[in-house]
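Just passing along the structure, written as structure tokens.
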Amino acid sequence: MELNSDIISKENSKSNWINRYSDVRNHSVDICKPLEIEDYVVQPIVDVSPPKWHLGHTTWFFETFILQPYCTGYKVFDPQYNFVFNSYYETVGARVIRTDRGNLSRPSVSEIFRYREYVDENMKVFLNSEFFNNDIEPILELGLNHEQQHQELLLTDIKYILGHNPLFPPYKPQGLNQNIPVNKVEMIGFPEGVYEIGSFGDSFCFDNELGRHKVFLNDFEISSSLVTNQEYLEFMADGGYEDFRHWHAEGWDWVKQTQANSPLYWHFIDGEWMHYTWSGLQKINLDEDLCHINFFEASAYAAWKGMRLPTEEEWETASDHFKWGKRWEWTNSAYLPYPGFKKEAGAVGEYNGKFMINQMVLRGASEATPEEHSRNTYRNFFPTHLQWQFTGIRLAK
Amino acid sequence: MELNSDIISKENSKSNWINRYSDVRNHSVDICKPLEIEDYVVQPIVDVSPPKWHLGHTTWFFETFILQPYCTGYKVFDPQYNFVFNSYYETVGARVIRTDRGNLSRPSVSEIFRYREYVDENMKVFLNSEFFNNDIEPILELGLNHEQQHQELLLTDIKYILGHNPLFPPYKPQGLNQNIPVNKVEMIGFPEGVYEIGSFGDSFCFDNELGRHKVFLNDFEISSSLVTNQEYLEFMADGGYEDFRHWHAEGWDWVKQTQANSPLYWHFIDGEWMHYTWSGLQKINLDEDLCHINFFEASAYAAWKGMRLPTEEEWETASDHFKWGKRWEWTNSAYLPYPGFKKEAGAVGEYNGKFMINQMVLRGASEATPEEHSRNTYRNFFPTHLQWQFTGIRLAK
Amino acid sequence: MELNSDIISKENSKSNWINRYSDVRNHSVDICKPLEIEDYVVQPIVDVSPPKWHLGHTTWFFETFILQPYCTGYKVFDPQYNFVFNSYYETVGARVIRTDRGNLSRPSVSEIFRYREYVDENMKVFLNSEFFNNDIEPILELGLNHEQQHQELLLTDIKYILGHNPLFPPYKPQGLNQNIPVNKVEMIGFPEGVYEIGSFGDSFCFDNELGRHKVFLNDFEISSSLVTNQEYLEFMADGGYEDFRHWHAEGWDWVKQTQANSPLYWHFIDGEWMHYTWSGLQKINLDEDLCHINFFEASAYAAWKGMRLPTEEEWETASDHFKWGKRWEWTNSAYLPYPGFKKEAGAVGEYNGKFMINQMVLRGASEATPEEHSRNTYRNFFPTHLQWQFTGIRLAK
Amino acid sequence: MELNSDIISKENSKSNWINRYSDVRNHSVDICKPLEIEDYVVQPIVDVSPPKWHLGHTTWFFETFILQPYCTGYKVFDPQYNFVFNSYYETVGARVIRTDRGNLSRPSVSEIFRYREYVDENMKVFLNSEFFNNDIEPILELGLNHEQQHQELLLTDIKYILGHNPLFPPYKPQGLNQNIPVNKVEMIGFPEGVYEIGSFGDSFCFDNELGRHKVFLNDFEISSSLVTNQEYLEFMADGGYEDFRHWHAEGWDWVKQTQANSPLYWHFIDGEWMHYTWSGLQKINLDEDLCHINFFEASAYAAWKGMRLPTEEEWETASDHFKWGKRWEWTNSAYLPYPGFKKEAGAVGEYNGKFMINQMVLRGASEATPEEHSRNTYRNFFPTHLQWQFTGIRLAK
């Protein structure tokens, strides 16, 4: 976590931080505006967290890692919240079993908003105070990026909650699904050779992006565009979900166990494919980029097409040559440490390293990613069976 | 479901029914008054239903079984509610899998209250109309008793929801836990002979109570009082939960799998037994009647004491000789049909008969039972492992 | 466990016991003669035990409850066998988790036969010695009856093991499936009144049959014959497995979860119902008594027929008026203690009492029951979902 | 699968193939010689297959992929064996659910040996005939390597079966556990640069090794020796299994769920660590290379030591500089396709490619690997939680 050590005056810096803090924090609240109180509470599957938990957890981060250690005299809002809103930081204390989050009606939503206000007020005073210095900037930066990650999860989880309600309530038409128009669909070629990937420079990145390093890549080609709904429907029509030859053994088990036959949120109603969108149940838009498929589906589609998914090294190398940012793009790279990766000491060290097994890397960003929270070195990662992210497919060969 | 065919004037009858309908319906709303909206939504275990579901389901009963078939021109509030609020009536259509109830944030609580108001208004108009006649009274009576059963479940489930929240929020001190003072603890004896049990007379009862019939009972004795917390603590102190000899094989498996070592809601904190009550976490009151034990625990306690649980025939025979009504009392009788039991035709026939296997009979009533909803022929029933009812122990030998 | 205290000379008695002991022990070995060694080892489901375990366990009973306590100087065959062959006697020591039995390739079959021979030789010397006296006769009698129970389970489990092998190997045509011809199918009526049931006299019975007692029965009728395959096929053809109205709620869950659509061992092959028999896969014999249905199926069949299953009190009362013994007949009685039931002290006290919950009583006997091991007071019992016993249906109303 | 297209005379080649075929086939039989028949049958966990299944499955491979397609007039031994002995080749037909293998007592062991003899006789005639030509050599080579892989699994599974029997029967002292003496324990350094890995030349390899390709490696050091029992005991003594900081999140879940506190086969008895070996239960040999740890444990040990596991590229690059072959060595590389990897058409295409997800690469070989079945390009792979392979740890930094 290297930070911008800018030379602008200290006062300017303080007010910049305060503004940035306010912007990020307000955005989380904005995302939840269309919700009913009841929508904040439920947890339909273990991978989804209740929106009120996201609001509390991101607040707990600032309280635990900034106000408690650095703000002298700070009084914790409620000592029991550490138990309720800690997510996975084993260092900081016992955590609530994740499956239980959807059972907790208290603290109530209004109480959690009070918690946010209390922490925000204290944070603003703190950021304006002499206690706030350069040493604290990295953890503050991390807290803001952490909240932005949860903003994306908030949208992901809200879609899951509303999209699995038999009444299919709309969220809010926001033009979130707009595609990036692609002028020309083509395969872009790269010659073999040694390339460099990984974060460099001074701007913020997560620890898993650090360590710019050389990689040797063979000749490869990568598509300028993502797979569309139309193209995926062809795979479905060709029996893609019924032919084991396209699938990994584990993917085929997933197909059979879940009886999967389409992306998440798709429903075949009266002879037509519909899907749940931010505006409720809608006809499939054929030209739109495919969304909500898991790694197994992405990989099976590529195999059916006689192609493959790119590696994350190929993706990063090529990323300046195509438009990206509306779908998280599955790569065929396992989520593993870069050469020289080191875990930070303490609780923040648990941020990324401990998940570096049995997950695949996603590159790019999605319609749910907050602005200014994407870069071409960003390494997102998810288990291979999950569909609920805003995921898409870019082919390579 | 035999009904009072009273001779009072038709108009009087109508207004009686309307008053009774209003009283019962309002009581459900009153029970929920202390809740936050979030408390209406969650379902911590499959046996518990979210309070908002109870409110919708009981309303759905009147809509489905009275307004739709008998009220000409009635317009259903929302056709999708049949799917959401049907509980187990296979006859009436597809039902939501029970485990999913806690995932449904919509319809919202306020929407469900609107549903209640809509149905209540239509019901009152209907009850005042010429369409309402004697033939409809049995199903109306059933609907009211059905709602009263759910009022008890509402309290049971609310206690579970709040009592499993790490913040232990109080519900509302209501003197609900008051004991019936027992003058003298003694064993009351009955000679062997032929006795009669089962419902008789004209007042309402469920179909499972019908068929007054003779039973032969051996000599038996039954206690005038329930087992107290103090007495149960002696069982615990004597290693009751560690000695398999007191337990059924299936009960012992339950102890080991759940690592049970106390009644539900009990917590050993700082060297002292506490339990969650309507007023929050409290010290155990030693003189209070024990509550929240399952059949296995009740049976193990009796075995440890060298006694046994009464049969339901013994309980009913003896019930005029002791005070009862604060705890559902486990009997050693399996829930099976009385001689000559017949299921009603149609959906209401599913009310009781289909559950007559692998459950045990509870007799009496509890602090959560609505007034005027208890009688000594009432046959309550639950599976043997559930603790979340307001259950107690009366010994026999 | 009351025993024949006959007056015949002591020597006669000794040689009678030795002969009886030999006969019973040899019969277990005879049952296994058609098996390959591999058949002794496997455990396809948790309810089935490997045949070699039955052979070891019944031997362990005599070693543990007779030779060890009463035969001075007896040397245990292998101290680890207590761990391997104890079934459920918590009193006697730790037991192998039941699901693990099918994983134990050792002790080998030949080793277990050596164990049997060793214990049998020691038992015969003991039965001939002065150490054997009247006090020991009850436990010896229990051991022999225990072995006979396991002979029935041996046949039941062997059928399951071979009948679930895709090669459907025959066991041995033994005329085991012969029906008792029924002259006339009719309903036999009994008037209401007080009857007596339960064991009486001096001959052996299990503790759960003890306590002859009065019961009051209403008028009832019971069939002189069992339901045939032909009759059950009518139920199936009428959609019996597709109509929830015939089923208990728990039974209907079982149908849906297991996708049950026929008795166990039935296979629909090339347009015809076949079933696995002792002679391999055979066409269904329409006139044969139905076999291998669980309680839910028995109960659903009765409901479809507009009748019901008899209670165990009715069955015992009527049992002299019809032929029985080829199928265990499901009753609608839960397996609960008779009035005055007392568990014996020590390990044998675990024999029956601790199972008296959530099981239903079966009356009669089956083609797998050893000769001289059936009587009309015998209370067999099984959980409601198990089909693998030789079970049938007798209707009542 | 490129094969040696040597120029030696055709006849020589034929007899070489026949000898090689016989040697490989006989070795499988030799491995099973110390077994009792019962040991061939059981399947204690889903990852283990019964030895008799291995013997049948490897035979089925030759029957299905050589004799049936290429040997005119060949008569299948038993048409049902395809169903029983197919492992995972979806192309070839329905397969028995893997968990069911341990339930199949038939075909018997002697029948399976008859099957082996029948196929072996036919194979020898075939290999000597004009039908056998160069085109068939690759699939024959694959069949032999396939059998060698199963020889390793046979030993692995036999150890699991005997090592999980409470009697701990020895297999056969065979000097299998002998260590390779390491003269000097040191870290061997390699400079950064482009290296080449992957199979080259004409000798046999699996499809997953094909495609020799360049990789860029940073500076690294790798140990000349494996971690010993002594060293691992230090990790255990230092609380390695109790400190989440050493573990991946998923590894820590594994520790808590399984309550793991040692390698597989280790037992703490009377104050001392013992482990099950080919000679039965023995004291831990401190100088011996650690064995039977899963990826999570290997990775946690490395983290505790402040080091890491090597990547497979590093391992292969360095492999000429240290001794290897007694333990499969966990790498920190996910099992993914090499650049340009292509699945073969048909059933043999399912050999490796479909497993390329959520598994980690192991390099080297083990004491259970058949002679002439190891090479430094070999890519073994297993899921991260499995301990039952002969796995060890080599550190890198």
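In order of appearance the chains are A, B, C and D, and numbering begins at 1 in each one.
Methods note: a contact is a pair of C-beta atoms (placed from the backbone, for glycine too) under 8 Å apart; a residue touches a chain by one contact, two chains touch by 3 or more.
Computed from a predicted model, the values in this text were never measured in an experiment.
Trainee: Give me the set of chains touching chain C intersected with the set touching chain D.
Mentor: none
Trainee: Over half shared numbers or under half: where do the identical copies chain A and chain B land at their interface, same or different?
Mentor: The interface is built from the same residue numbers on each side, given that over half of them are used by both copies.
Trainee: Please pick, from A-B, A-D or B-C, the pair whose interface repeats that of C-D, with more than half of the contact pairs identical by residue number.
Mentor: Overlap exceeds half of the contact pairs only for A-B.
Trainee: Quick one: report the Å distance separating chain A from chain D, using the average Cα coordinate of each chain.
Mentor: The computed centroid separation for chain A versus chain D comes out at 38 Å.
Trainee: Centre to centre, by mean C-alpha position, how many angstrom separate chain B and chain D?
Mentor: So the centre of chain B lies 59 Å away from the centre of chain D.
Trainee: Just curious, how far off is chain B from chain A if you go by their C-alpha centres, in Å?
Mentor: 46
Trainee: By the touch rule stated above, which residues of chain C touch at least two different other chains?
Mentor: Expected reply: no residues.
Trainee: Taking the top-of-page definition of touch, could you list the pairs of chains it picks out?
Mentor: A-B, A-D, B-C, C-D
Trainee: In the complex, go through chain D and note every residue touching chain A.
Mentor: Residues 88, 90-91, 192, 194, 213-216, 218, 244-245, 247-252, 295-296, 299, 308, 332-334, 336-337, 339-340, 349, 354-358, 360, 384 of chain D touch chain A in their complex.
Trainee: Given the complex with chain A, which residues does chain B contribute to the contact?
Mentor: Residues 36-44, 52, 80, 83-84, 96, 100, 102-109, 161-162, 164-167, 169.
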